[in-house]
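The first chain written gets the first letter, and so on, giving A, B, C, D, E, F and G; residue counts start at 1 in each chain.
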Amino acid sequence: MLDFIVIVLLSAGILFFFGTINGLLRFPDFYTRMHAAGKGDTLSTVLILLGLALYSFHHPSVQDLLTGYKIIFIAVLIAIASPTATHALMDAGYESGIKPWGGETDSEEEVDK
Amino acid sequence: MYHLLMFILMMLFWILMSGKFDTFHLVLGAISSLIVAWSSTDLLFQDRGKSPAARASEAGRFVLYACWLFWQIVLANFHVIYLSLTPKPIKETLSPHIFNFKTTLKTDFARFVLANSITLTPGTVTIRVSEDIFVVHAITVKAAGDLEGGSISEMERRVAWVFEKREIGGA
Amino acid sequence: MATLPFPEAAPLLAILVSIAAIPLIVLSGSKPNLREFWTFLAGFIKLGLVLSMAGYILAGNTYTYELCKVLPGLSLKLTVDGFGMLFALVASTLWIVTSMYSIGYMRGLDEHAQTRYYSFFALALSATIGVAFSGNLLTMYLFYELLSLSTYPLVTHHQDQEARTGGRKYLTYLLSTSIGLALPAMLVTYALAGTLDFNVHGIFPAETAKSTLVILLIMFLYGFAKAGIMPFHSWLPGAMVAPTPVSALLHAVAVVKVGVFSIGRILTGIFGIDLLSTASLNVIVCVIAGFTVIVSSLIALSQDNLKRRLAFSTVGQLSYIILGIGLASQLGVIGGMSHIAMHAFGKITLFFCAGAIFVATGKKYISEMKGIGRRMPFTMAAFFVGALSVIGLPPGGGLITKLQMASGAMQADLLFVLVIYLVSSLLNAAYFFPIVYNAFFCTEEEAMFDKKVAEAPMLCVLPPVITAAISVGLFFFPGLFVDFARLMVTGL
Amino acid sequence: MIKEQLPILILAVPLLASFAITLFARKSKIAAFALLVGAMGMSFVFAIGVMRQILDTGRVIHYHIGNWQPPFGIELVIDHLNAMVLVLVSGAAFLTAIYSKNTVPAEVPYRFPGEEVPERVPNYYTLYALLVTGLLGIVATGDAFNMFVLLEISALSSYALLALGGGRAYFATFKYLIVGTIGACFYLLGVGYLYIKTGSLNMPDLKVILTSPALAESPTVMIAFMLIITGIWIKMAFFPLHGWLPNAYTYASTTTSCLVAPLMTKVSVYMMIRLMFSVFSAHYIFDRLGWQNGVVWLAAAAILFGSISALGQTNLKRMLCYIIVAEVGYMVGGVWLANADGLIGATYHILSDAMMTLCLFMAVGAVIYKTGDASLYAMRGIFRKMPVTSVVFVIGALAMIGIPPTCGFFSKWYLVSGAIEARHWGFAVALLISSLINAVIFFRIIEIGYFPLFDEQEGEGGHHAHDRAVIAEAPFSMLLPMVLTALSLIAIGLYSNEIITGLVGRTIPAGLL
Amino acid sequence: MNEILTAIIAKYNYWSFLILLLIGLHAMISKNNLVKKVIGMSIFQSAIILFYVSIGYKKGATIPITEHGHGHANEVVHQTAAEMVAGFANPLPHVLMLTAIVVGVGTLGVALALVQKIHRVYGTIEEDEILEKIKE
Amino acid sequence: MEKYIICIGVALLILMLVTLVRVIRGPSTIDRLVGVNVIGTKSTILIIIMGTLLGRVEMYVDIALAYALLNFIASLAAARFFQRHREESVVDAPQRQEGPSC
Amino acid sequence: MKLLSLVISLTLGFLLLLATADLPDWGDPQSPASIHVSNYYIENSVEQTSVPNFVTSVLADYRGYDTMFETIVIFCAGITVLTILRRSHRQKKKEVRPRPAREGKDLILISAARIIAPMMQIFALYVVAHGHHSPGGGFQGGVILGSSFILLALAYDLETILKRLKERSVIIMSGIGVAIYMGIGMICLFLGGNFLDYSAWSSVLGVSAVEARSHGMLGVEIGVAVTVMYIMFSLYADLSSGGEMDEGL
């Protein structure tokens, strides 16, 4: 049962990470790519970490519980840090004058599509 | 008072991390917790108006909110996958734009939670918060609409419920 | 060795006494009389110290005093022997005379920076005595370099453009040859022989290749450029910019004689007379020196500036000495060594006279000196005596040594050297006699000086008279210096 | 007890001083200065104490830090050679520290137009102490990796000290930093290659392990040797790796030049000697690898290049810098002549060259301090205005030229003897030519200083800010160390036999005798 | 030759560090932009650090800490010396590299500080432009 | 189970390499930073996976935590830096033509 | 220059490649590096120092001398950067800043930093204290501690944080850090041991010599952490503000 949950969490993490990268590579401009990075990166990381934390409860002992707790703590940290970093990058791009994509075909990314 | 709270929190944190329960390490932990409590209490607890009890209930409500938010994040990720994999030309699926809105939330922390929630939920990312103005990037018109009229208010309401324990008008 | 007639450190003291005078000279810079007192005091003490050892040396001893070991197997060391004593006597005697003359000259012309002048003068004398008493090549090299450096401020005393050019030339020649030729030759010698201590039998091991010896010989000959062997001679006329007492000291005693003395030392103490003659190295020395003798005399003939003419004369006479020692025959060596003294007294007389003329009249050129003998009879009489000695005519002491050298040439079976001696003596006569003749034998109309011109100050006139008298004295009693030289040869 | 602890105290004292200055003397220039001078003096005394111990007992001192046996812990190894270098470094640093009393407050806070940062003075002294600690540590250590760490400490602090020259110094220092880092990394990589083949970092232990025949054949060891030597050559500015040095040292402030210029390159030479003979062996380097001929030719080229370049300079400090490049050639060549005389000459030259470079930089620094001008023409009339400084300069110049009885003569003596013994005439000729060029260089300057009247017409006179009429002798705090340094040049020369038989000659490796 | 080549290829840990090393060195020497030089320097140093760390690796060994992280303070670890030696990686390279990293950071900081100052003096961090300005 | 975790690790590694495309292509510096940030976050996971596989996760988790924290700060610092240095960050990105709608 | 650089790099590469064949296989347990000194540490660390983390025992004890200087490298770098960059307080006001000021405070960053920074600090202290048992120690802990302040400086601005950490105390504290290390080593001299021989402390601490070594290591690690923390922050402050100590990044 525990293994099953672990597998689900890990797989889901990889799936969302795949989505993240897909968005990161295919979206047309910086801002839209940040959507993918901000949401996908956070969720996939948190899911995988949860999976690994559960995995470490395999042979429950005080030490392993604490280890699992630490992994969960990392997950929480990333849940706070990742959107914050996304915001900071976004703000930096905005401040430094990157123009949002407006559907026109002037972007070189557009050609790739 | 807050220093004591901070000390206890930090000591707890230490014990969980340390995993060593002998006196020597506990003393080290106590010293460390003292140092952090001395230097950083004002960081964690800037708003001193609330009683510890209020804080505790706030934490409880926040857990509930976090569960809701988690679901929203999952949705957001499916949204991203959909947008990036859809065979439709990108011009039709995306119509990104930047817009502002004004929040009614009062405390910094609530605004912070709202901003990050906006980032994590489908279709929107917070670019900047200056005072009560949020600058938001929306990836689709629908997402923008959600935020302005629908889910934004929904989210703001929930955040307000967690931190300011009041209802905000709207959906 | 149990009892010495002089303090154990006498050679060192003889060197240091004038260095010790320097602080006193500097401190009493504002009181000229006191300042000059120190100079004289040091001079007499030095002479006394040298003389105190003279008897001991004449008795056939040599005395060695080791200063410190600077390199394994090689120390800084002072040795007093006949040759060194001969030279030290000349130098310390002439210093007193020159100091006396300096006072007259410098005060007469009201020269600047006299304190500096006397300080470096003293330093130069220390270096000279140091060379004379050096017990090995390294020590000699040390004092040789010290002399080059300490005479630089003297040569450039006037600190004008001319002094600068002359001084530059002076140092360039002396330092480049000593560092570029003498130092490596010394190092190679040390590498071959394992020592640098002078030894009358030479220090090179028997198996040393002749080609190596020839190269070393040439490097040494040109390396000690103070000896003025052509083509490394032109610093000497250049250094004529110096005040006359300096020129006198340079040309008669300190600088040039140190060069000649050094080469003499190397020929006799490093190569050894035996080696020179058996390996026919003496021919090389004679050719090189002989060439300089003839050419420099010819150049002297064409000079109008009196001091320059004297300078070229010096160049020739120096090679004369080297020629004598280089013959590597007994009489040649004795003659050559003693000629250091003879020439010193003769030539210093000539320079003193030139200076006295300059102090009295401001004239430098021979063509401007017609009739000067009438106004400055003592000076020009002394000049005449000095010239005789340098040419090698009686009653000048130079005659004795020149004859000895000529006999040495026959002894060494090198007859072409005899020809060189004869020709050069004729040339000497040719460039000195016209000066003397014009000085005395000209009509009143031709004379270029009016009645107002008189002898230079007493202190300028007395020294040349004294040295001229010594020159004459040496003709009659050459024994003193020749005996010292003979000691060097009889040791063989 | 203190006797046994002397080796560590030599470097612990300057190190403590660096913290003490940071902690207690941030406000007071004088307190910082006093702490520095006191520490340097103590270090000097301790270094002499260690040297005396070694001279008395004749035994190499092994100091086990943390009481761990080598090769597991780090040890200090002090023999005759590095006892001498320790005395040299601490002595030179002591003299320069005294010298710094007036120059540092006058120069260091003002390095940018219109800028004054008095806080820099105590920082400067802290870095000074750290630099000296680094150098002393390099000399004392018996651990190859520890040497790297200390090398970097001295490098980092020297970057700071050099950069404080302001203006062009920043760029010059940056280039030095890049080149110096390449050098240090080469060294580190070389040590890594040694470690991978031997498993040890302790120098005596490495030497024992490296004697095994299998390792002597190993290309890894050869490449380790190449990397280490190249790294050190970069650090010591050995031709053609010297490009960084002239700029870096020229634009530095006076005290920095006086400290860095004499010591950094010399300590690198020490490092080379130490690593060549205490990690590798004369047998390995000269018999098995046999590159000495090429290296000595390179050294000859360095000497000629440095000397000729120096001849063309009009900036006093830059000229001295090129002379340093030439002098490095002397020492590298001497070591690689592969005979005892050459090595003795090189080792003795570490001492004599450091002192003469110090002497000249101090004298030039005093002139610059008084005239505000670093060109040759700053020297105009100096002999009259600053007689003591001039005499010091002349003594330094004579030592550089190699006139006896200054120490410069004796090191050249040994080096040329070594060249003759090795039949390496090219090196011998290069040494002599460089002496001659030095003579030209220095007499040109002495002439300028001696003839006051003529340079007015000839030189670029007129546009100097300082009124030359009011130039006077440097303050006592500068004169004292200057005169002591100048006297030491003669003393080192006169005691050359004692130094060579007592110290330098005692560490000649067996393969060279 | 072939053997040498196979040997070289087999020891991929060495040539992978080598490539990084050369990139860093090349950048340090040839780059015109001072910041790029500094980056090259960091790459160069990192390559050496990688090299050392790869020395420390031992097949079948774990990080050199004997005790379980959350074990009791003085728990005695029952292992034979041979087991210990085989089971734990070589700690020394890690220690050395901690030092090298710190040195690298220090150098990096100083280099950047110098670049800032250079920028303030010359208004550029391109080497050729700086040299041009120096000439003026 | 361990094999499954290895698979996850490998998949993660491959996806991280794919992310490098964004880092290389840019076009602006901030675009590259986004890629780097994602890779950094995932490296945290890799560290823990490594620890899990080597059986020393209790050790690696500390490293992972430290790494996560430092990665976060590095991203913030980089973002801040390029916020200031506009020219550098938008070196070849199209310029913003109109101001934001606020 | 490019060509020269290529030649140099490729020559070096070629040389190093030559040696590759001679180097031991990767991870070979019998390679010299893995047996000689290394095995001594692995076999004896626990017994001689009671520290189960060999990296720590080698770092802080067997090669504690290296590590002391490593701390000093950091100290030196901090002082160096400060001395090169720092400009006078007095003249700062006149200067016109070349860079535009940031608009307002970033609420999101500040809030995140306020949560994360204290956690980081306690974690950092944990890392310092558990250097004996886990992959941590003074450097690592010091870096994390310093980073927590950098995080705050990034979120607020430099001036605000410099009110918490006084500029003067930054340098003084970094000096105190190295002084702690050095002091622990020096006191060993007075207790009759060699420099950095922590076992000499056993009489003072009242523990066995082996345990004294363990405590000595903890002591020096604390010193290291203090220095590293303050210098990390100082480097950030100097470099990010060009020595002005105003806004930071």
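We take it that contacts are C-beta pairs under 8 Å (C-beta built on N, C-alpha and C of every residue); 3 or more make two chains touch, one makes a residue touch a chain.
Note that the structure is a prediction, hence the values are computed from the model and not measured.
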Exercise. Which chains does chain C share as contact partners with chain D?
Worked result: none
Problem set entry | Chains contacting each of chain C and chain E, listed by label | D
Seminar exercise, completed: Relative to chain B, the most remote chain by C-alpha centroid is chain C
Seminar exercise, completed: In terms of mean CA position, the chain most removed from chain E is C
For this session: Consider the two chain pairs A-B and B-G; indicate the one with the greater count of contacting C-beta pairs.
Result: A-B
Exercise. Where the centres are mean C-alpha positions, what is the separation of chain B from chain C, in Å?
Worked result: 103
Exercise. Distance from the CA centroid of chain E to that of chain G, rounded to the nearest Å?
Worked result: 16
For this session: Determine the centre-to-centre distance between chain A and chain C, using the mean Cα coordinates as centres, and give it in whole Å.
Result: 98
For this session: Using mean C-alpha positions as chain centres, tell me how far chain E is from chain F in Å, no decimals.
Result: 21
Exercise. Where does chain A touch two or more other chains at once, residue-wise?
Worked result: 18, 20, 34, 62-63, 66-67, 70, 77, 80-81, 84, 87-88, 91, 94, 100
Seminar exercise, completed: Touching at least 2 other chains, the residues of chain G are 16, 21, 23, 31, 33-35, 37-38, 41, 63, 66, 70, 73, 76-77, 80, 84, 106, 108-109, 112, 115-116, 119, 123, 130, 133-135
For this session: At least two other chains touched by the same residue of chain C: list those residues.
Result: none
Exercise. If you look only at chain A, which of its residues touch chain G in the complex?
Worked result: 77, 80-81, 84, 87-88, 91
Exercise. What does chain G use to touch chain D in their complex?
Worked result: 15-16, 18-19, 21-24, 31-38, 40-41, 61-66, 69-70, 72-73, 75-77, 79-80, 82-84, 86-88, 90-91, 168, 171-172, 174-176, 178-179, 182, 186, 189, 192-199
Exercise. What residues of chain F sit close enough to touch chain A in their complex?
Worked result: 1, 4-5, 8, 11-12, 15, 18-19, 21-22, 27-28, 30-31, 33-35, 37-38, 41-42, 44-45, 48-49, 52, 57-58, 61-62, 64-65, 68-69, 72, 75-76, 79-80, 82-83, 85-86, 89-90, 93-97, 100
For this session: Under the touch definition given earlier, write down the residues of chain E that touch chain D in their complex.
Result: 21, 25, 28-29, 34, 37, 41, 44-45, 48, 51-52, 55, 92-93, 96, 99-100, 103, 106-107, 110-111, 114-115, 117-118, 121-122, 130, 134
Problem set entry | Residues of chain A defined as touching chain F within the complex | 3, 6-7, 10-11, 13-14, 17-18, 20-21, 24-25, 30, 33-34, 37, 41, 45, 48-49, 52, 55-56, 63-64, 66-67, 70-71, 73-74, 77-78, 81-82, 84-85, 88-89, 91-100, 106-109
